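Two complexes, one shared chain (chain A), two partners (chain B, chain C).
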Partner chain A sequence: MNKFIEVLLVEDSPADVRIAEEAIIDAGMNVNLHVVNDGEAAVRYLTQQAPYSDAATPDIVLLDLNMPKMNGHDVLEEIRIQNNMKDVPIVLLTASESCDDVEKAHSLGINYYLRKPVQGPGLSELLTAVQSLWH
Partner chain B sequence: MMTNGVYIQRSLEGVLPDANLLHVKVRTKEILEKELQRREIASKYYPDLEFQTEGTATAARTKSSKTNSSNTKNSNTKNSKSTSSRANSLAKEERQCKQSLMVHGADTMKNLAGIKPLLPYVVAVSVTVLCTLVGIAMTPVVDEENFCMLYLLGVVLVSCRYGLGASLLTVLLSVISYDFFVVSPHYTLVRFETPCLLTFVAMLVVALTMSGLTARVKQHARQLDTRVKERTYELALANEALRVEVASRAQAEERLKEAVEELARSNTALAQFAKIASHDLQEPLRSLRGFTDLLTRRYEGKLDTKADEFIEHINDCGIRMERIIESVLSHARVQGCDRPFTKVDLNDSVKEAMKNLEVAIKESGANISIDELPTVKGDALQLVQLFQNFLANAIKFRRDEPLRVKISCAESVGSDEMAAYLDVDDDLPRAFWHVSIRDNGTGFESRHTKDVFTMFKRVHSGQVYAGTGIGLAICKAIVERHGGNIWVDTMRNGGSTFHFTMPIVTDCEQSTDRVETK
Partner chain C sequence: MDFYYIFAGSPNTPQRVLTRLALSGQQKVRGRIAENRETPADILQVLAGDENWEVRASVATNPRAPHEVVEILSRDENADVRYSMAECYHMPFHVLDRLAQDENPYVAERARMTLEEMFVRLAI
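Coming up: the complex of A and B.
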């Protein structure tokens, strides 16, 4: 049996979190979904600061672009300078396909981007890919 | 103090006996205005200084002529009593001096003016006396008959300079003096006979002729002078008007420039707003669509039929709203785009657009014919979008018969017809590629020719044709970003022709050749 995939979802909208949860159920895969609601919390989680000091290192990060306090770009900048975070795959979530946003995120080191909300075949393909890579 | 205005007016009356009074008035008004300006400036720097108005000038003059006789010390003490400031008293003193000078000047002029009318006669007498003295002195060496020439010379001189009256006086005095002093026996008038009478008549004729000629010459000179002065005024007035005109034009131009800048700013702000608003609208909408997707997938057929219908409506609305927001965003992206222009072969753009619309073209069975198109400088992606929108529009508004689209291009030097149609400025570059996209679709009423390019303006009912009504607005934005114009003709028998222009870029010679050899 496959090991659980650790997924960190950084998303401020409860509705979008809910849709992602349902999509993961629909995908029928073993996923441990961790959710944080803003950029600051994401950075704390990823750098294992309180209250996330014993949080599991995620296999994949789903990062919303548009968030209060720190947006997706800020989080990327912050965590890509951390040594242990250099290789974690990060998927950017955007509502629009604005080239500027995506280009900027690419320059900051995202691995992939998905249009929100997170659901459907896109997500299950992604999760399958992560599973085959890491397990 | 006599104001400049009055002074000038008087001097004008002197030099312009028949001058147009209007000119004088205008000139006087101008001078008065200048004087007022001067005073304004002066009062700014010397707030203590007082100015007299024109009305009080006479009163001041009489007052100053009275005080003129009293000594300066007296007036000084008087002034220092009334004013505490030393500067003020100095200014007053200076002014009084000026006043008295003016008064003296005016008096002298008045005296001279009194003498002036008598001057010719004085000269007449003087000339005769001079001739007589010369005659007496030269009697021993010259024959007395020759002296009439001397007197004639005097008459000629006087009549040349001083007119009829003085010359007649000279003639009379000359004849008498000639007979009395020069012709022997001296100091008698006994020989006033035929020769003398002849001299008299000759002198009279010369005097009359000469003074008549002089008068005419003088009159001409005066007229000429008057005309020159009049013209000078006219020129000055015209110059002033021109200056005002130039200034007002410069001002208008400045205002226009500001307005254009303001418009550009607000346009950019609007595009920015549209982008941000649509971006933010998109997020909740995407979530909404996510949930309706979930509902459809999991509960379709499990609730009653009404619930299914409602879910379908929510889905449709969501899709439509999503499309609108996408359109607004893409419109905003065209406007806010600053991707640099490159050389773009429009043939490639059309090919790419047709590839993107492959399915729709196949479904509609459209027959699209394309002439050889030029290479322009532009944004490759946007030019694909431009043709794609035109073609999609043609496909959408096709009739039952097979759709035919023809894309053609010609070099245009900016025909007057086109300029009139577009209501454009003449300053625009006149060398364009003129591209036309003609279809045999439904067309539209000619009153909508400008509306079709307006955002969200749909000239057909939404029941029949789906769409956001933004495709052609995007075309307009793209063409305008490329420095061209866009317009549309609609045919009476159906079908429409969309036209757009793109500036011909000189370093795209290859394409120019191609079109010429075609």
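Coming up: the complex of A and C.
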């Protein structure tokens, strides 16, 4: 039996969460999906602060760029300095057409970016590659 | 989408993953690893012995290639590897000087041009 991939989705839009959930189902992979709705919650989750004290380090983070409180760039700045988060693959989710947004995210340590809406086949290939290379 | 190729070229890919990708059966993936400035020196050393000349050329022109690897590849049997090095402005002077006397006239001429350009830049 294949190991489940622990995915943390950081996304404030309920519609985009539903689309990502459908894409994961469409990808046909064994995924445990955890969702937080803003950047501050993402930092608390990834640094195991309350109410996420027992949260395991995810196998991959899908991080929205535009969010309230802290945007994706702010989250990256906070979490890439954490020892347990240096090597965790982080994929930026963005609807932005701005190259600057993506380049800034690369400079802050993302491993890839996906254009929204997330689609099943692309996500499936990505998760397969991450699972085989990182784990 | 070839994620192996994409991750092989990324500066954000962890060294452990780069090492794993260096074992890829795909030449283009190994070539991307050989180009990547974050690839560990010992892995570049392994790729310097790759059967594919394009992979060896990518190692040879990687600014992070160890000195001893550069020395070995500057004597590579494949002229295209040596030509790639002859084009590089970051090559050590003595390596370019040797390449300027290469048995292959194209390699030698290219190395001379690179040296001339370097002297011009130094003079400015």
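We take it that the second predicted complex is superposed on the first by the 133 of 135 C-alpha atoms of A that agree within 3 Å, B and C clash if a C-alpha of one lies under 4 Å from a C-alpha of the other, contacts with A are read in each partner's own complex, and residues count from 1 in each chain.
The definition used in the following text is that a contact is a pair of C-beta atoms (placed from the backbone, for glycine too) under 8 Å apart; a residue touches a chain by one contact, two chains touch by 3 or more.
Every value quoted in this text rests on a predicted model; they were computed, and no experiment measured them.
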| item | value |
| --- | --- |
| Which of chain B and chain C A:Ile110 touches, first, second, both or neither | second |
| Partner chain(s) touched by A:Gln119 [first = chain B, second = chain C, both, neither] | first |
| Residues on chain A lying within both footprints (that of chain B and that of chain C) | none |
| Chain A - residues contacting chain B, complex | 13, 15-16, 19, 22, 26, 66, 95-96, 98, 115-117, 119-120 |
| Contact footprint of chain C on chain A as seen in their complex | 86-87, 106, 109-112, 122, 125-126, 129-130, 133-134 |
| In the complex, chain C residues that touch chain A | 1, 3-4, 6-7, 10-14, 16-17, 20-21 |
| Chain A contact footprint on chain B (complex, rising order) | 275, 278-280, 282-287, 289-291, 293-294, 297, 329, 333 |
